[in-house]
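I have a structure I would like to understand better, so I am pasting it below and will then ask my questions one at a time.
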Amino acid sequence: MVNRILYEKAKINGCNMAVLKTLLYLFVYPGILFLFVYSTFCEWVDRKVYARLQNRYGPLHTGRAGILQPIADFIKLLSKEDIVPEKADKGMFSALPVFGLTIVTLVAMYLPLWHYSVGTVSFNSFPGDLIVVAYLLTLPTLIFFLAGWHSSNLFSTLGGARVLTMLFGYEVPLLLAVLSPAILADSWRLAEIANFYQARPLLLLVNIIGFFVALICLQAKLERVPFDIPHAETEIVGGTFTEYSGKKLAFFRLMADIEMVVGSGLIATVFMAGFPGGLIWGLINFIIKTLIIIFLLSVMRAVTSRIRIDQMVNFSWRWLAPLAVLQLLIVIILKGILK
Amino acid sequence: MAEFQVPIGPQHPALKEPISLRMTLDGEVIKDADLKLGYNHRGIEKLAEERNYIQNLYLTERICGICSNSHAMCYCQGVEKLMELEPARRGLFIRTLVAELERIHSHLLWLGIAGHEAGFDTFFMYTWRDREVVMDLLEIISGNRVHYSINTFGGARRDIDDLQKQKILDGMEVLRNRTNYYLNIGVTEPTFIARLSGVGKLTKEQAVSLCAVGPTLRASGVPRDVRKDDPYAVYAELPFEVCTADSCDVLGRAVVRIKELIESYKMCEYLVKNLPVGEIKVKAPRRVKENEVISRYEAPRGENMHYIKSNGTDKPERLKVRAPTLANYAATIEMLKHGFVADIPLIFAAIDPCICCAERSVTLIDSKTGEEKRMFFSQLRKWSIEYYTKKPKLTGVTWPF
Amino acid sequence: MTDENIINKIKDTLQSKVIEITNPAPRRIFVKVNRENLLETVKFLKEQFSFTHLSTITGVDKGENFEVLYHFANEFSVVTIRILTPRAEPKIPSICEIIPGAILYERELPDMFGIIVENIPDSRTLLLPDGWPQGAYPLRKDWKYERPPEIIPGEE
Amino acid sequence: MKTKFAAFLPEIIRHLFKRPATVRYPFEKLQVPKDFRGTPVFDSAKCIGCMICVRDCPAEAIDIIRVEDVINPDAPDKPKKKFKMLLHNDRCIHCAQCVESCPTDTYIMNTDYEIAVFNRHRLKIEYK
Amino acid sequence: MFERLIRWSRLKSPWILHLNSGACNACDIEIVAALTPRFDLERFGVLLKATPRHADIIIATGPATRQMKDRLIRIYEQVPEPKFVVAVGSCALSGDVYRGAYNILGGIDQVIPVDAYIPGCPVRPDTVINGVYTLLKSLEKK
């Protein structure tokens, strides 16, 4: 509510308050503070669901039912000794975690969390922001690759190589799958897409194939089983993060968590009609919808085994890309009929 | 495309034991493999010459933690032959029962590890949860979860009562259901199959010429099993079949092990139901006449062989232990070649390596490695850039939908 | 195929090359040959009875001599070929050409006993840790190991 | 062999609604079987000092030390030999061979297994 | 306040690295068994990590073999501070049945400093939990 009041005040007071508003956006909601709390919560949900599917409890004694576990991990890593390997490129090695964190937080800004309607949009929404989000979401992958590369450890390098190889596989299907609802909605603006489907919820069923393609691609982007090839611990130890420790590792873990939130937020916006209902209801909508997606991701993680890198690329091009194209065709045909 | 080397081990998460594998890679494809052991070498054979027969019983048991009964029982049978001792029949039944229970625990463990290496942690968790059933049975029989110490010269150390019998039968029933589930449903999971099938090919001829043993050999279609070929303990009167598979890959090895599990349940039930009455052990002498003996045993991983030479004192003159893992190394190197990096742990796990067994006195390096080729980082970078410009290699493996 | 079959056939074919042949237990046959006749015997066993599975090679320190035992196994029995090699000149031929899987076990002999295996495909030192002293062969009877004192950290 | 996508799904979903198989271990002690092999316990009254246990112990964990003799009230001229035992629990492998070897039943195994310490000297147990 | 927060986080999130140097495998499988559903060490926030850089507690099994000595020290140095070493199993404590073998140096504490000792041959999974739990409890008091 504080935000809401500030928002109203800002309208009256003009540009001074606009700065404050922007700061609030950046640091409180939907910025860093909210993302930090919510992403750690999501990690807890993910770990807990994964453990329960395996007939275990998962984190239990840190806070209530282990809910503070990711935060404890984060703080502990912050307080640990920070080692930069001698051979590593020191500047890049230290800068990359911060870059990564910045990028994913930036992407979160573009999610239409704050949009009441198309009329009153927030400061950062503009036509074509879907493309920007899709583009920015590619960057964390690049960061992972560079992180592996600049560790100059064999396993990290191998992990980095695998990150890029995988990128070729899932990026195109993901983009195609995300674009098809946009084409149906006739807009490249996330808020407008969400609005379009809020008005016509039945049309969401058309995109069901695309939804699943996007879900699988998101799993690959987040590098989780069955696509955790870049840091498959039984093969290449810690993969890209082998040499990272302390604060930098903490940032990377936080980054991966936020990426998960942002990715599921993107899918929820595009395929599940966004988050209508203003500040409070929008937030509740956001939480419910992203949690559904995170639950699906956890189940996927539990039922599959890791596949090989060649199988992964093979799979993307043989199944995911054609399915995404099929989805696109369906959408185009349907659009013709609707007109 | 240039080659570069990846060292795996001695401390590596896929290998719970220290071993050093040096892989020469071409992209993601393994060109050559080189093994360096010795990290786990403790010198047990020398130690055995300084200890008396009873102490050696526990020493051999601790050659390996997973197949602990195998080594102890193999040694025990050998010494009994040296002592010219006829062990008590009830004791033999109990021994065999523990041996089969150990096979069950080892194979379940292997299934879980295979799942873990393939990144399928759920499968790993389930099999290990089921494994706890058999661990509990072993604990109530012997008083320890892993090192059972059930063998002694002349029979078994502990008896089984009716309550324990009932518990064993119940446990077998639970495990049989679970194993059937894994056989029918578990191995139809496509991502799992995709990881296992076609990996680590070892043809029948290769398997025979490289002296492979155990499930590795049987998965290549060679029905060789010491329990059938050279029956010891009470195996001669037990109903069981030797399980084989013809696929010659990791999937075949998994199937062989699951089938063996079902055979083992059958054997355990038979042993419990037909347990003879009588003493569990006979008294054994401390000193042993001068003689020599070869004792063979089918451990969960394959043939286990002990050569014991006595010299008339209470200490052996020479104890030679050949663990199954060692026999499978030569085959492993052959299997690793032309595989993918991702397959290293799987192939290596497929022989169910027990490095501690193999290394009680031996180190080995592949003969075919030739000179080592090392790359500097700059070269590696160049190589990698080249690698990205090309399309990733695709082999004949298809996505089995 | 029984033990007698194997024994008779070995006796018939190799005749005087066999020094001693014993059958102490069912399925266990010990054949003693000269060092020079080892390769021939191994080849004969492999071709005649398909003894392709070499279980292991054992070395034993017998004071004056080293005894080397080659344990072969097939479905029917275990045949052990026993050869002696003098301590002063411990040399044996490699059987890797006939049985490729023997390489592992032949590695063990030079390190543990100092027995020289001739024509071995790979003669790198392989056993024992890096920096092990030259000329120390652990399984020789005259080699003794002095245990270093154990220091338990922490106060009593 | 026919493959099914996500063949494990029904089983896994079933487990979501099942109680986990986890024991509440550090808060509730686990039951061990009655003849569990824990730590050996020595009864000095029964020991005759034959040293068979020392000879048979595979891990050099037992030291039997002779302490000053006690006067035997029945035969004052023949003092009864008295022994104490030093158990190195950091070496003990809990095999219970000492129980088996001992001719006078001096040893029994208890069921203690939670014996973690911070100082190795604490693991040396003296039975008088 | 800040110090307390850090201590709390350290206690609640001990990540372990499993290190085997010549053990007989029994302790190793029992440690892995401690992570599986029946004992589930993750309840206490314990995760088994693959690389020494991520770990807080080294769980060492097996007697220190001669060949492994340098690697043990190297891995110990790679773990960022604060770090703890827990020796698990009788052989990691003293060398156990291998005492006097030519290729071992004795327990792990002959090579790297050890903070807690968990005896047992092999160690039961619940003893591992107990040992880690007592180590954490004792750190809480400090």
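A, B, C, D and E are the chain letters, set down in written order, and residue numbers restart from 1 in every chain.
Going forward, contacts are C-beta pairs under 8 Å (C-beta built on N, C-alpha and C of every residue); 3 or more make two chains touch, one makes a residue touch a chain.
Keep in mind that what you see is a predicted model, and the values were worked out from it rather than measured.
The minimal number of chain-to-chain contact steps leading from chain C to chain D is 1.
Steps from chain A to chain B, taking the shortest chain of touch contacts, total 1. Using mean Cα coordinates as chain centres, the one most removed from chain B is A. When chain centres are set by their Cα atoms, the one at the greatest distance from chain C is A.
Looking at A-D alongside B-D, one finds more C-beta pairs in contact between the chains of B-D. With centres set at the average Cα position, the gap from chain B to chain E is 25 Å.
Measuring from the averaged C-alpha position of chain A to that of chain E gives a distance of 35 Å.
Distance from the chain D centre to the chain E centre is 22 Å, each centre being the mean of its Cα atoms.
Counting partner chains per residue, chain B has residues 13, 38, 41, 43, 46, 55, 58-59, 62, 122-123, 125-126, 129, 132, 144, 147, 189, 401 touching two or more of them. Counting only residues that touch two or more partner chains, chain D has 6, 8, 12, 20-22, 58-59, 93-95, 119-120. The residues of chain E that reach two or more other chains are 36-38, 40, 43, 50-51, 65, 67, 94-97, 99-103, 107, 109, 114, 121, 124, listed in rising order. Chain pairs that touch one another, listed by label: A-B, A-D, A-E, B-C, B-D, B-E, C-D, C-E, D-E. Interface residues of chain D facing chain C in the complex, by the touch rule stated above, are 119-121. Residues of chain D that touch chain E in their complex: 20-23, 25-26, 30, 58-60, 88-95, 113-120, 123. Taken together, the chain A residues at the contact with chain D in this complex read 49, 51-57, 299, 302-304.
Listed in rising order, the residues of chain E touching chain B in the complex are 18-30, 32-33, 36-38, 48, 50-52, 62-63, 65, 67-68, 71, 75, 91, 96-98, 100-104, 121-122, 124. Within the complex, the chain C residues that touch chain B are 24-25, 27-28, 52-56, 58, 60-61, 69, 71, 73, 75-78, 80, 96, 99-105, 107-108, 111-112, 121-122, 124, 126-129, 138-139, 145.
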